[in-house]
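Once you scroll down, you'll see the structures, which are given as structure tokens.
Shared chain: chain A. Partners: chain B in the first complex, chain C in the second.
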Partner chain A sequence: MIKGRKGVNNILRVLAVCGMGLGSALLLKMNIEEVLKDAGIEAKVEAADISIARGPNVDLIITSPGLAPRLGDVSAKIVTIHSFFDKNEMREKVLAALGIKD
Partner chain B sequence: MAFITAFVRDILSQPAVLVGIATLIGLIALRKSASDVLTGTFKSVMGFLILVAGAITLIGSLDSLGPLLTEGFGIRGVIPNNEAIVALAQDVLGPETALIMIFGFVANILYARFTPLKYVFLTGHHTFYMACLLSAVLGTAGLSGAVLVIVASLILGALMVLMPAWADKTMQKITGGDEISLGHFGTLGYMASAYVGKLVGNPEDSIEDVKMPKGLGFLREPIVLTALVMAIIFIITVLFAGITFTQELSGGQNAIVFAIMQALTFAAGVAVVLVGVRMILAEIVPAFKGIAEKIVPDAKPALDCPVVFPFAPTAVIVGFLSSFVAGIIGMLLLGPIGLVIIVPGLVPHFFCGATAGVFGNTTGGRRGAIIGAFVHGLIISLLPALLLPVLGALGFEGTTFGDADFGWVGIALGYIARLFR
Partner chain C sequence: MNLKELLNHDLVETKVDVEDWEDAVRAVGKLMVRSGAVEKRYIDGMIRTAKELGPYIVVAPGIALPHSRPEDGVKRTCMAFITLKKPVEFGNEINDPVDLVVAFGAVDKKQHIEALRDLATILGDKKNVQSLREAKNTEELLKIMWSQEAK
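What follows is the complex of A and B.
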């Protein structure tokens, strides 16, 4: 089980980020939650927009390629995914970012 | 005894509570833990209250802009922004909106189960906004109570499967697959753009082959852009309305400072509304998805428009800009014709213009993207103006619904209802 560096109770804190933090972020959040659950990783996933993404206590940020450069200097690991609905891509990239073998 | 009846009546007329109850039922149906059910329910109730707080924040700035526009240009101006109009509507239409949304979800599942239209509309905020539009239009047309909720929910559920179906073929071209459909109430505009693209363009000539300058990255944060564009609109309006008039309105505060602060307050209010909507949806949409998956497992998810953006990122930016320019031109044309001027709403032009760009690019390459999105921009400059009269009292706020489908559905229903009077 992966432990979060900053999360409360060592639970990984993941943010799904999109432009308004509404529709696509929520979609991303639901898919990421399933991917992490299937991989047995305990995490708290939230939908957000960019301003929240820059806040503290975030371990992993998942977003689209267009938005990743806008995040600036954050200590969280950034994962860019091209498709909001391809769980295979998400699983590959998220596990890679967490240093876990697929 | 009277106290208990009053308690039940008053608490059930709180839209926040209705949303909470729906979330509660949904979470229990999915057999979530007691702790998850409790936190989920409380969060969705509070989300609603946060939305209302956002409304209170932005209404002040809209109430300033109205008189400034009238003084400066001699005509009523309206800035379409879905978050703003829906938040303002909750005061009067809250309970109906909540119920229509909830039963709209149910209707969607029923249509998907019993008709060939197998789609599950997962863009929760659009379901919410369309529920609000339907309650405003049908309420103004004379329906109320259970009849209003039932009729509106049936219409909402139908839209939740029909719009994705309409866009389906084009979506397959865009995504190169058949896994998802589009769940967004701007579909009229996107299909218009796709049609224009087919007429004027060459699909082989994709706009993605054109290189975009890097510096345009800031165009990806709509909240920031909303603040910026509103500031420009406010400042220009203040200059036309005159310093004296403005400073009377501002209680003496410097006119330009007033303009900037009011603009930023509007954007801040929208940001708060978004936090609230996010909290409501974070619980209710997964519940809806979970239940839908059990009842209609072969249905295609209908997703929010940004899911197409990665397939044509240049078309996204070009579509937004083209639509916005059309919005400015539309505003300058509508004024003299005597309709209300529709000041271009940043958020609709951003998300819907971008999507129109992607649709136009798919059928007509670069010409399709630019001209298709331009046509989209004209559509969403005209429809809101025609929508205002059927919204009743809600048509007199300084803002209204922005996306194309809210426009045509509202107008169509408003006029059909008139035939029944």
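What follows is the complex of A and C.
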């Protein structure tokens, strides 16, 4: 459960990370935004490439299993998604990471 | 620009015969080069990027999304789509093998968002994915890809 690590105004700061930040990351971002909205969670989701993922000020990082090992040491919680078109998988994993019952 | 605006008959092909994943990327890239939307070197860019970053471009079971950076030769926002005669391995343990390849070229972080959104909606429906796999010609393929109403 992420406690006391939320950003300003308790808005969840999420980063969708992929190789270049303009393809798969955007796909991830779109679907994650919908998933969070449907779950009633206020969040700011940004798409990024792997170089930005290491910055601070991020609560949750969503990425593919292949890229997760390259994130290195980050304070954010990491969620890996297998299928970027599967909102069910995203919902299950994101809510689990946030400690929220699905 | 939405999917309907980006994809036309010249940018899709069904049941393409390829030997391996690089072949598949070249086949779909060729369509984008032919349309004048990207330079030839963009195909090398897509292959190089896939090699550098690993097969993360296989974003869902059977579906690959090759692409590269704008500066690798993108002239205008574009997309091309091919289905493969026989699936090939891209090296992604979880989502291989691939038989649907959607390549795109972006000029910035914004212009192609609508098309990606349409793509996510269409490919997010397993029935559509199955129909695309079974599409016998470009008409059938486009019918499904164009099924998102223009916003």
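We take it that the second predicted complex is superposed on the first by the 97 of 102 C-alpha atoms of A that agree within 3 Å, B and C clash if a C-alpha of one lies under 4 Å from a C-alpha of the other, contacts with A are read in each partner's own complex, and residues count from 1 in each chain.
In this text, a residue touches a chain if its C-beta (ideal position, glycine included) is under 8 Å from a C-beta of that chain, and two chains touch if they have at least 3 such contacts.
Because the structure is a prediction, the values reported are computed rather than measured.
**Student:** Clash or fit: how do chain B and chain C relate after the overlay on chain A?
**Tutor:** In the superposition, chain B runs into chain C.
**Student:** Check the residue A:87 against both partner chains and state whether it touches chain B (first), chain C (second), both, or neither.
**Tutor:** Touch status of A:87: second partner only.
**Student:** Looking at the overlay, what does A:30 touch: chain B (first), chain C (second), both, or neither?
**Tutor:** both
**Student:** Where does A:64 make contact in the superposed view: on chain B (first), on chain C (second), on both, or on neither?
**Tutor:** both
**Student:** Could you say whether A:20 touches chain B, chain C, both of them, or neither, answering first, second, both or neither?
**Tutor:** Both partners.
**Student:** Quick check for you: in the superposed arrangement, does A:42 touch first (chain B), second (chain C), both or neither?
**Tutor:** So A:42 meets neither chain B nor chain C here.
**Student:** Once both complexes are aligned on A, which of 22-30, 112-120 or 238-246 in chain B overlaps with chain C?
**Tutor:** 112-120
**Student:** Using the superposition on chain A as set up above, list the residues of chain A that contact both chain B and chain C.
**Tutor:** Common to the two interfaces on chain A: residues 18-24, 26-27, 30, 47, 64-67, 82-85.
**Student:** Which part of chain A faces chain C closely enough to touch in the complex?
**Tutor:** Interface residues on chain A, with respect to chain C: 18-24, 26-27, 30-31, 47, 64-67, 82-87.
**Student:** List the residues on chain A that touch chain B in their complex, please.
**Tutor:** 18-27, 29-30, 46-47, 49-51, 64-67, 69-70, 82-85
**Student:** Show me the residue ranges of chain C that touch chain A in the complex, using the header's touch definition.
**Tutor:** It comes out as residues 49, 52-57, 59-61, 63, 65, 67-70, 92, 94-95, 104, 106, 108-109, 112-113, 116-117, 119-120, 123-124.
**Student:** In their complex, what parts of chain B are in touch with chain A?
**Tutor:** 122-126, 179-180, 217-218, 220-223, 274, 277-278, 281-282, 285-286, 289, 301, 303-307, 309-310, 313, 316, 347, 350-351
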